[in-house]
Amino acid sequence: MNSFGRKYRVSIFGESHGGAIGVVLDGVPAGIPLCEDDFMADLARRKSGQRGTTPRKESDQPVILSGLFNEKTTGAPLTVVFANENTLSGDYRNLVTHPRPSHADWVALQKYHGYADYRGGGHFSGRLTLGLVVAGVVAKKILKEISISSRILEIGGCTDSERWPDIVETAMKETDSVGGIIECRVENVPVGLGEPFFDSAESIISHLLFSVPAIKGVEFGDGFASARLRGSQNNDPIIAPSGQTSTNHAGGICGGITNGNPLVVRVAVKPTASIASPQQTLNTATGKVEELRIKGRHDACIALRAPVVIESAVAIGLADLWLLNR
Amino acid sequence: MNSFGRKYRVSIFGESHGGAIGVVLDGVPAGIPLCEDDFMADLARRKSGQRGTTPRKESDQPVILSGLFNEKTTGAPLTVVFANENTLSGDYRNLVTHPRPSHADWVALQKYHGYADYRGGGHFSGRLTLGLVVAGVVAKKILKEISISSRILEIGGCTDSERWPDIVETAMKETDSVGGIIECRVENVPVGLGEPFFDSAESIISHLLFSVPAIKGVEFGDGFASARLRGSQNNDPIIAPSGQTSTNHAGGICGGITNGNPLVVRVAVKPTASIASPQQTLNTATGKVEELRIKGRHDACIALRAPVVIESAVAIGLADLWLLNR
Amino acid sequence: MNSFGRKYRVSIFGESHGGAIGVVLDGVPAGIPLCEDDFMADLARRKSGQRGTTPRKESDQPVILSGLFNEKTTGAPLTVVFANENTLSGDYRNLVTHPRPSHADWVALQKYHGYADYRGGGHFSGRLTLGLVVAGVVAKKILKEISISSRILEIGGCTDSERWPDIVETAMKETDSVGGIIECRVENVPVGLGEPFFDSAESIISHLLFSVPAIKGVEFGDGFASARLRGSQNNDPIIAPSGQTSTNHAGGICGGITNGNPLVVRVAVKPTASIASPQQTLNTATGKVEELRIKGRHDACIALRAPVVIESAVAIGLADLWLLNR
Amino acid sequence: MNSFGRKYRVSIFGESHGGAIGVVLDGVPAGIPLCEDDFMADLARRKSGQRGTTPRKESDQPVILSGLFNEKTTGAPLTVVFANENTLSGDYRNLVTHPRPSHADWVALQKYHGYADYRGGGHFSGRLTLGLVVAGVVAKKILKEISISSRILEIGGCTDSERWPDIVETAMKETDSVGGIIECRVENVPVGLGEPFFDSAESIISHLLFSVPAIKGVEFGDGFASARLRGSQNNDPIIAPSGQTSTNHAGGICGGITNGNPLVVRVAVKPTASIASPQQTLNTATGKVEELRIKGRHDACIALRAPVVIESAVAIGLADLWLLNR
């Protein structure tokens, strides 16, 4: 469903071209200083604008509807909404007759028996991640001394960050798109977060990460590489009463429980599905395959905007586990 | 917590050396033919016995305590338990004073303030996956015509299956262990499983997969490789009214929703943490680092026994999504 | 928490004097015709205005923010908000220093460590039931042919409905308040709603009813009176293959499961806590007991406005059970 | 479903005449001293044996399967089972063809499409409350200094406890049954338990109480009587910084939140549905109404055995709210 969390529960609503998108945060402890400005830095990180991101500009102005009093959280649900402004009113019917490859257009219409709001991806739009960013800002305030950061490791298969602008530019020129890999790292994680059997720290965090559109892989610590190591190489010897290990192949999670070492998680972001190059797709009216040319404003590399969203998802999961574990 | 699922809810309990381990399955539709023998084939796949797996032999005899009448499910909770038999009564106190690297020993004692049952890994033991296998068998019966299979892709970094016995044998001789990569594939998946925003098919399945001990990475379709493709390479054109796509880079999930194509997921299994080679670890009594030699019976390659467990986790997730979506 | 429901999940947010109050409805099936006007009839039933209800007038105009497209539900979360308009800006600090007897003022400040929004009762205000009414309207649309109605049985201990205006008028003149008893009746209930062990139809419905402010008792069928009957008097013989019983002492629920007979539930509404008569309360600043005189606009008999709220709570519970049981 | 609770989660399984009935308790804090004997006092209170209760004798011996180590809880799920011993092997098919009035026989077979285990009421049997009693014993240990007690207020409509044996005896002689009213009272309740909007203390407790078979009404404090009081009579003035009120019409819950005063709740227990007197019921094979004579061993007054069950349900709810609120 559109909610997640046992003690810090995040509920997301809205569609790309509806009245508003927003988020309700339940379980926020009372007394946390907060104002709308507190969201702006992370919202800016998510914003389009740089080369390779969509030229659709939204003010993305958060409005707090509930849960705040005298600039502090009250303990009641915190609701934040964003009006949808820059919605081009063009004809979106072609998303019904010609569903875009690797978009949710077709599955959404099937799942909701033709009633889904298909404009701009509707409820499946990446715009919904605005709510995740808001929830992440509050989560980071809940987590206080725990620090979370994320960075791009790869764009278009390349790890050399100086070449990324060229890679994106080239993809744009060729009316194509590229993906990327993002790493999120958390320092000062308390020992003991995560719950057996089903709510391992990895389970909770991956659940949230795979909610983010375009994520196709999640790995912790050495992840897939650890499957190619021997036990003697992969094991992390404990070397201090704090639980510090001399290596951190496990990425800070052992038996599903945080062990006090830095939590390290990486995600694979697929290349943007919206490309201007001609593609084949089904004409749902005729049942025949036809050529599709997607127009409009798109990100050539959504991974450029994803780090703050990944960071937010991780923060949300940790905030819930932390509140549960107190 | 130790439960997962909204309509098909699986609850796991037990410890490696306690009275019994077991599972309660809530939400099982009434009228499904079932008997204890139905579990034996999948339990056998999980069993040790082949080279490279632990010589600890358990009869692993499932006993159905509730939820069955006249050899059919009743709609009431189905409870299955396994007595713990072959528990060596040796002194396990050294797991407290000398926690094994990359095992849950240390985090469990921290999390539960010294009260965790540490014998044989206690509640963190891989033995708990017996309950997953039981839940998977029932899930597959719920899913009827959906077919789920899994296979090993790599052992110790090698994709040539003929070399796997040698790789495992060598690791054993060198008192070491190896990991592996397992792929699970689901055919005849209905369109529309998965729920926005947070309960994407990938979210639910990864949540369950990361509950399985030793799993450190999960990817769908091309996964991490898709981050290195261009959109024009990674997109899957829809070519038939059934939703069939000409390629399946997405692994059957688009926008978090199954699109009717085969669901493909891969997991990374880390090398077994228990190795006989000497390792460093903390003496928790003295606070000093000492050499540890783990004795006892262990799997040199747990990945050999994992395919049925991975398959079960996927089946559980799909059964829940399927029952929700009816 | 502020959410309830497994398949039809209702999340309530807002405070009496904050920016807005609202509700998010998750799990609404796609394709249900809906517009803002559909809420007006039930909202009008909840409105103040008649004698004995508060003169605070709000336009109570629902605004649908998400989940609707082409005047039909989309399957995505349906969000409805109400701006808070008629909020007197007076000094509410006296609710902190002099908590009103039998109001949530004191417990809210304790629970939220002084950070609760106390203005007009904040998140504990009866105004939050606007969200319940909205959720009830949608629930009734989900339930289609099931018909739900409610009526007042007693006001101020009197069952003669012609005397109620006098009773309320007299209470007002004497700066006092009265309570009442409301009965909700559901016809055409399908057999089989309710889930053992914990989610009996009575459990789900009472859970929702006791969320409504001022409700202090809930009984089904003959309720407390059945405790004074003999089994031979209280048993309901089944007399038709439909499950029809010759009597309905059980109120349509047997073993926690609906049996196809009319569901009957009654609630006790306590007299409004806000009365203009002088009362004793604690001065939280001095720790001494002082006389309190509550000013402002209040309902002398909140039971007059409650039937639609009770009906909504019952409809929400049944919609969830019905969607779970399909 | 058969689970309840967010942090202290109780899962009930079993049928009256199956292999065993039992309970899994998840979220039990580690380190609580516990052994099987600790359950015996409360199990004895629930036991039959006194006049007016069923002569079916079971040893009701709890067996702890998991979650205990060195006589202390481990933090892992605590599982307790009871073997079903004294099951008469008679022909129960008549419960299918002639469902007992006001029993779950008919609804169970409808709901589960004929597959329910109908022997002795199956999963709807009062025997399942053994699990509640176990969960209640552990809940009371979690709640430590909070003290919970319950007592019978009425049997067969009579409040004079000295006459109760005669009332029950007479009912038995006349092959009939009687109901009763039970009050549960909790002292030393912390301020602040209960969560707006939906998880008021009354909502959580009534949810659990209405799970208990035969409960048809629940009221807090003055309950239905408060609907007949005026506000000036019903309000509870706060008279001390602890939150103490001079009266306690609210039964210790204000705005859905505990206010530190004694929590008082009453339930109506209907007369036992199983009576030996002839009754009318449907012959489901012929569709005709016939006379039914129930044989076997039954309680003439189940209310005599209910106080400990009611107390347990209240304890479970408070333990969950208390753990959530820490």
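Just so it is clear, A, B, C and D label the chains in written order, and each chain counts residues from 1 on its own.
The rule is short, and it goes like this: a residue touches a chain if its C-beta (ideal position, glycine included) is under 8 Å from a C-beta of that chain, and two chains touch if they have at least 3 such contacts.
The structure displayed is predicted, hence computed values, not measured ones.
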Any idea if chain C and chain D meet via the same residues, over half in common, or different ones? same
Determine which of the two chain pairs, A-B or A-C, is joined by the larger number of C-beta pairs in contact. A-B
Counting only C-alpha atoms to place each centre, which chain is farthest from chain B? C
So, what's the distance in Å between the C-alpha centres of chain D and chain A? 45
Chain A to chain B, mean C-alpha position gap in Å, rounds to 26
For chain A and chain C, let me know how many angstrom lie between their CA-based centres, rounded off. 37
Overlap residues in chain B, where contacts from two or more other chains coincide: 1-3, 6, 12, 76, 111, 123, 196
What does chain C use to touch chain A in their complex? 1-3, 9, 11-15, 18-22, 24, 26-27, 30-31, 63-70, 72-79, 81, 111-117, 119, 122-123
The answer for chain B against chain A in the complex is residues 1-4, 6, 10, 12, 99, 101-104, 106-108, 110-111, 123-124, 128, 154, 156-157, 171, 176-181, 191-192, 195-200, 202-204, 206-208, 210-211, 213, 215-241, 243, 245-246, 249-251, 254-259, 268-275, 277, 279-282, 284, 287, 289, 303, 325
What part of chain D is in contact with chain A in the complex they form? 6-7, 76, 196, 324, 326
